[in-house]
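Chain lettering (A, B, C and D) follows the sequence in which the chains are written, and residue indices restart at 1 in each chain.
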Amino acid sequence: MRQFSAEREWGRFHDPKSVLLALVGEVGELAELFQWLPAETAAKLAAAEPLRARASEEMADVLLYLILLADVLGIDLATAAQAKLDDNARRYPAGSRWRS
Amino acid sequence: MRQFSAEREWGRFHDPKSVLLALVGEVGELAELFQWLPAETAAKLAAAEPLRARASEEMADVLLYLILLADVLGIDLATAAQAKLDDNARRYPAGSRWRS
Amino acid sequence: MRQFSAEREWGRFHDPKSVLLALVGEVGELAELFQWLPAETAAKLAAAEPLRARASEEMADVLLYLILLADVLGIDLATAAQAKLDDNARRYPAGSRWRS
Amino acid sequence: MRQFSAEREWGRFHDPKSVLLALVGEVGELAELFQWLPAETAAKLAAAEPLRARASEEMADVLLYLILLADVLGIDLATAAQAKLDDNARRYPAGSRWRS
């Protein structure tokens, strides 16, 4: 992604607020795929084509902007996610059936 | 994450629309960290503490819900992201200075 | 709202991208209220206290930032909404049971 | 809007989580209009055509889904917004230059 941006001189667009708005745009596209699906059949419908391929694409876009934002901020996303998982394990002991 | 959910019987919460709304909630928390930062100093401020640690946490939450949604839908997020990168390289040839 | 902002010298914060991120933050808070509610009981639960009061507050926040953004851009939101309703009536003739 | 929905039998789509995802979709479209605008010229660019008309449309969509959600939940949005303004006036006395 760094190379891709450098070859197009796109770094100048990548301040955090802009990248964050781009992420919001992709989350919005993902939401549009699901909005009118009945809740009880959404998983089944979205796991089948053509929805699955479209959801894949939008989720990839969300991930790529998240990684770009992490790169701009110097954040290691994998380390951050592992720390969060450990933190969640402490906050919600195994057997907690309810969540907040 | 699968084990974590199973131990808490949280799978029943994880229909796609619910997980997507949870993702939206985390994107909102991330946006709140950046909203009033001046655009020109946002990157510098967000790369320093205390903002960096808070942004790390919210970005981890976004990533974890994105992975959970991918798991619910049976989507391989890494493959999807690579396909998107390849697609972007075709859509925007090296040297394209403008983006849509 | 204009007077409120002027008395606090908050106009300097109100560039469109910042206000938009603030709106995203409030939409995120609204999403958090609904995310784990079962789809079939969400309307009933959200129409009763304590959820109704909390949803009211978050929806007010979304509306206020939307109005602020309209003011910053010189957009008359009521006229825009009426135009959109007229446009929707043309796009989806009465009797259309499906929507896109 | 009630009449419009009734004539199309769209009420069956309008559970809160679905309407909320539709709102998120429209906020995403709004974000896409602004994401790559330079912060310092965004207000000027967005107050001129063609961006102003497109922003008007997306903002109208956000407003209409917000009103629809309020209707589904039995919330009076105008009263909620006024209450929030009063609350903000108490939380941030005139002369507060900083906001949280």
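Methods note: a contact is a pair of C-beta atoms (placed from the backbone, for glycine too) under 8 Å apart; a residue touches a chain by one contact, two chains touch by 3 or more.
What you see is a predicted model, and the numbers here were worked out from it, not measured in a lab.
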Applying the document's contact definition, name the chain pair with more C-beta pairs in contact, C-D or B-C. C-D
Between subunit B and subunit C, the Cα-mean centres are separated in Å by 23
Report the inter-chain centroid distance for subunit C and subunit D in whole angstrom, where each centroid is the mean of the CA atoms. 3
Can you list every residue of subunit C that touches 2 or more other chains, as numbers and ranges? 13, 15, 17-18, 20-21, 24, 27, 31, 34, 36-37, 39-40, 99
Are the chains arranged, by touching, as a line, ring, star, complete graph, or other? complete
Please give the residue numbers of subunit B that touch subunit A in the complex, ascending. 1, 4, 7-10, 13, 15-18, 20, 23-24, 27, 30-31, 34, 37, 39-40, 42-43, 46-47, 52, 55-57, 59-64, 66, 69-70, 72-75, 77, 80-81, 83-85, 88-89, 92, 94-97, 99
Can you name the residues of subunit A that touch subunit D in the complex? 13, 15, 17-18, 21-22, 24-29, 31-32, 34-37, 39
Which of the residues in subunit D come into contact with subunit B in the complex? 17-18, 20-21, 24, 36, 38-40, 99
